[in-house]
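Listed after this line are the structures, all set down as structure tokens.
Paired with subunit B in one complex and with subunit C in the other, subunit A is shared by the two complexes that follow.
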Partner chain A sequence: MRAEAKLGFILLLSPLVVWLSLLILIPHIDMLLVSLRERVGVGEYRISLANYLTFINEPLYLRTFIRTAMMSILATTITLLIAFPVSYYIAKIARGRVQSALFLLCLVPFWVSELVRTFGWMILLRETGIISNLLQALGLVDGPVELLYNDAAIMVGLVYTSMLFMVVPLVTTLESLPDEVIEAGYDLGGNGISVLREIIIPHATPGIVSGCIVVFMLSLGNYLTPIMLGGKDSLWFTELIYSQFIVRFNWELGAAFGFLLLGLSSFIVWGMLKLTGQSLEKTMG
Partner chain B sequence: MIPTIPQPRALSLAYTAYIIAFFVFLALPLVVVAVFAFNDSQFPSLPWEGFTWNWFFGSERPMIGVFHERPILRAIGTSCFVAILVSLLSVAVGTSNAFLFNRYRFRGQGLLYVFMLLPLVIPGIVLGISILVFSSRVANGLWDMAQWDWEALRPGLLLVILGQFSFIATIATLVIGARLQKFDRSLEEAAMNLGANRLTAVRTITIPYLAPAMIGAFVVAFLMSFENFNTTLMLVGSDAPLTIAMFDRLKEGSTPLLNAVSLLLMIGSSLLALVMIAFQRRS
Partner chain C sequence: MSKLKAICLSTVASSAIVLAIPASADTLRLLTWGGYAPEEVIAKFEAETGHTVEVTTSNNEQMIAKLRATGGGGFDLAQPSQDRIAGPQAEFGIYKPIDMSKIDTSLFIPSMLEATQGNTTVDGAVYGVPHVWGTSGLVLDTKMAASVKDYTDLCSDDVAGKVSYRLKRPTLIGFAFAMGLDPFAAYGDEAAYSEVMAQVEAKLTDCKPNVKTYWGGGDELIGLVRSGEVVASMAWDAGGWQLNADNPDINFVAPASGALGWIDTFALPAKGRADDAAYDWINFVMRPDIAAMITEASSYFTASQGADEFVNEAQKAQFQASFPQEAIDNIKWYPPVPAGLEAIEGGVLDRVKAAN
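For the complex of A and B:
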């Protein structure tokens, strides 16, 4: 019996180990090694920090990196601000059928490819698009207006794309808050704002954290939205990675960029977990 | 602010208006994409030139519909092939992982569990390039050692499948693991008391209990694979899945053909999601 259990254990453990080592651990170590080498001749390499120095010394790279991080943080904040009232409505105010219908409606857009969603925004925002025509019909503007190809368009796209990943964790945590607790808050003399600040938000913290982590990560790693909705000047860091790998074939620099992106996203995720005293198992699992 | 606490009328009206505005915001891009699939024009934009089915069924230039557009049909086939393999693989590994974490206590378990979650917090594009770098190193190594050029390790469908699997497996593990956690193990023991061995008990009792979660995980994995873009972009070879094929067309400029494909995608994925929900309700 013990031998059988041991065999079962090994059989169950091996797919996990093969998956995590061959597809996650070793490729990332390899990527780190590639990012730490410098080409000195045909097929000759030496270990150096040259790629990381290039990143620091080239203003375009550093600026794009910081810009991507800042815009992702902004997108996360906006998504949270928009999603919180909606999640609260679904979790606490809507009842029965309306509640489940609204929740399902939130999910529907996200079963559709990100490409389709971005395409929809292009049709809406472009010069010959719906919004431009609507503004002209209302007499608010004289000629066609180009709303596409700028940072605001990227922001709209990012917020739209990540909405689901904020609403679902928020609804789940808010639903677990009993109505009586909120009533007690009012009975003890609280008003709307103090109840929100002292009861609702502290209770929703785990949901807020996991929503923010996922949204931030998705925004940081997004490629499609910035490239389709953004203009010539609105570079995103993932575009740099893509062009180093596929266009310029400079894998060393591309790997360094990849590592920097991974480092930034891990740092922010870790920081958010530490700041709020949560753990990865609880927020993701 | 809950229904039992009275609120000023103006405030609750404003709140309702906000919720309506939010859902309009959610629906708008999708509705627009769907409507312009029927525009009798070369461009998916205003003015409205009249209603047509040509972007679906048209067979003559300049309006070749989806069902006569070979490259798009082939890309849909490629996407389905990739998605089915990724889902099968993810559900198999996910079930195994779920049993491992549920049934065994071992040293380093917590650490391994956190490690298993990591693919979810690695940006998709980084997963893509790390697998690209590693696989080409292995391919080069094979060439240097044995003059053996293993094509499958160059960008192409195998790498796309592995790349998507590398993070979808985590999701499958979480979905199946959540249901296994609720399973009452005394049922398995009862089966064993009645003479079944452990394997039979798991096969006849536990796996049927897990089936809804396994099907759910399969559908989720299928949809995630079908719409994956970032990881696929870095690993794709000459056979482009649908998202990549559509992206290439969109860069060149769009015709309502893309709207027609998108509408079909929306219908397909909503049907799949509805089937899954109906199935979960019943069991």
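For the complex of A and C:
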């Protein structure tokens, strides 16, 4: 009996183990080994930390690294600020069909691919695009205005792309908050702000944290949006990794960058969890 | 039990049938550039030889990256540029030598065949034969950007904010020539090349405010120029001729310092499985009538001997307008890129991209 249970356990576990080891563990070990070797001649390599030293010694890479992290944090914050009222409305104020219709509206843009969505923004923002022409037609500006190819355009794209991933966890946690608790807060003399601070936000914290983690990861690892909307000033860390691998044939440096990005994102997520006093089990479970 | 047996037998039999398809009808997995394998050419090839063709379009860097990732597998025929074969071959061993006896050399323009063979020889074996050639230079809206004669003119105030180019190695090389430097002469000497590139970097950083955006793919560039958002750009000749067909004001102009000439080749990936089909394809598309079909579809000219006669008059006229004889003589052909230069260029390109 016991042996059978053990066998069942192993059989049930094996797909997960195979999945994790084949698709995550083994590639990462290989990447780590690649990142630790240095090219000394044609087809000759030796083990060294040269790639990581390159990262430290070249201010550009460090700057891009920090810029990517900062922009991602900002994008996460903006997404949260926009998504929170929206989610609250969907979860608590809208009822019945309106509720599901609103939720569906958040979902609809995700039925098309990210490329198409980003290209949609390009059509809107470009110099000969819709917004520029509209402003000219209204007489607000004299000539064509270029809204594309700057950091604000990247930010718009990032927030738009990740909105759903903030709304879903927020709606789920806010729905689990009984209306009576909010009413009780008002009955006990609280006003809008204190109810929000003392009741709603503490209850929604797991949703906020898990939404933030997902959005932050998506922004940090985004490649398409910064490239397409950022134009000549779009320096994003994933772009550096891509160009090291594909354009420069420098897999060693690319792999080192990949590991640094992994370390950075893990560190920031860990910091975020510590700061909010949450644990990974609580937010993800 | 007998049912199981039957299933087993039928499986074996059907796989035997699959395996028994004669070797003469292979699937050719072609790794090429957009426009090099037009539909009608593929249809004709399949009808004549019985092979089937699967096309994957790509660019130089991706081709090398793809073949490197598989050790030269996954494709039966690739089309990298002639200057990008010797370096990666020495470094990664992703190609196999070409058996010249299986190629009908009379179909090729002799000077191009010879030059390509010379540039793609590693350890005495030839790895590439020429297919399509072209140049990069300037695509201009002649009404709006008449003052632009060379790459460095892209940085003048006349065209501020309406300029685009690629942030790739041809731009570095082109600017170096326009600044009076000779990057090809410095290819063999990393220190000298770094010096050349440092000057180009300073120029490109100064020039950055003029640039609207750095274009990535041909379609993106055509969109920018067609909408009028960009009036002067560094680009391929064929892109300029495509735009010229829609708007006569726009045309390809060979810069004063010389257009940069490239030749895309045929090379056999090391683990290709359909070499015969690959040789058949090479000999087929180099036939003058087929080569002219490719030129018509993509605006690119091929290394096929005698294909000119089959090319239509409009394309000939476009070519002659962009390339008077002295411009042809002034084309700077890329020599093979020594391994290691990409790292120097990469640093320059990254820093230009990050500059404010």
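One rule holds for everything that comes next: the second predicted complex is superposed on the first by the 272 of 285 C-alpha atoms of A that agree within 3 Å, B and C clash if a C-alpha of one lies under 4 Å from a C-alpha of the other, contacts with A are read in each partner's own complex, and residues count from 1 in each chain.
As a convention for this text, contacts are C-beta pairs under 8 Å (C-beta built on N, C-alpha and C of every residue); 3 or more make two chains touch, one makes a residue touch a chain.
Given the structure is predicted, the values throughout are model-derived calculations rather than measurements.
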What is the contact status of A:S162 with respect to subunit B (first) and subunit C (second): first, second, both, or neither?
neither
Quick one: classify A:L240 as touching subunit B (first), subunit C (second), both or neither.
second
After lining up the shared chain so the two structures overlap, which partner does A:S72 touch, if you call subunit B first and subunit C second: first, second, both or neither?
neither
Touched partner set for A:N51, first subunit B, second subunit C, both or neither:
neither
Could you tell me if A:S210 is touching subunit B, subunit C, both of them or neither one (first, second, both, neither)?
neither
If you count the residues of subunit A that each partner touches, which comes out higher, subunit B or subunit C?
B
In the superposed arrangement, which partner chain does A:L12 touch: subunit B (first), subunit C (second), both, or neither?
first
So, does A:R126 touch the first partner subunit B, the second partner subunit C, both, or neither?
both
Tell me which partner A:I26 touches in the superposition: subunit B (first), subunit C (second), both or neither.
first
Touch test for A:T64: subunit B only (first), subunit C only (second), both, or neither?
second
Touching subunit B in one complex and subunit C in the other: list those residues of subunit A.
126, 128, 245-246
Enumerate the contact residues on subunit B facing subunit A in the complex.
1-5, 7, 15, 18-19, 22-23, 25-30, 32-33, 36, 43-46, 92-93, 96-97, 99-100, 103-104, 106, 110, 112-127, 129-135, 137, 162-163, 165-166, 169, 174, 198, 223, 226-227, 229-230, 233-234, 242-243, 246-247, 250, 254, 258-259, 262, 265-266, 269-270, 272-273, 277
Which of the residues in subunit A end up touching subunit C in this complex?
42-43, 58, 60-61, 63-64, 126-128, 146, 148-149, 227, 231-233, 235, 240, 243-250
Taking the touch rule as given, give the residues of subunit C at its contact with subunit A in the complex, in rising order.
61-62, 64-65, 68, 88, 90-93, 161, 168, 208, 211-214, 216, 227-229, 339, 342-343, 346-347, 349-351, 353-354, 356
In the complex, go through subunit A and note every residue touching subunit B.
4, 8-9, 11-13, 15-16, 19-20, 23-24, 26-28, 30-31, 34, 82, 85-86, 88-89, 92-93, 95, 102, 104-109, 111-117, 119-124, 126, 128-130, 133, 160, 163, 179, 182-183, 186, 192, 195-196, 213, 217, 220-224, 228, 238, 241-242, 245-246, 251, 254-255, 258-259, 261-262, 265-266, 269, 280-281, 284-285
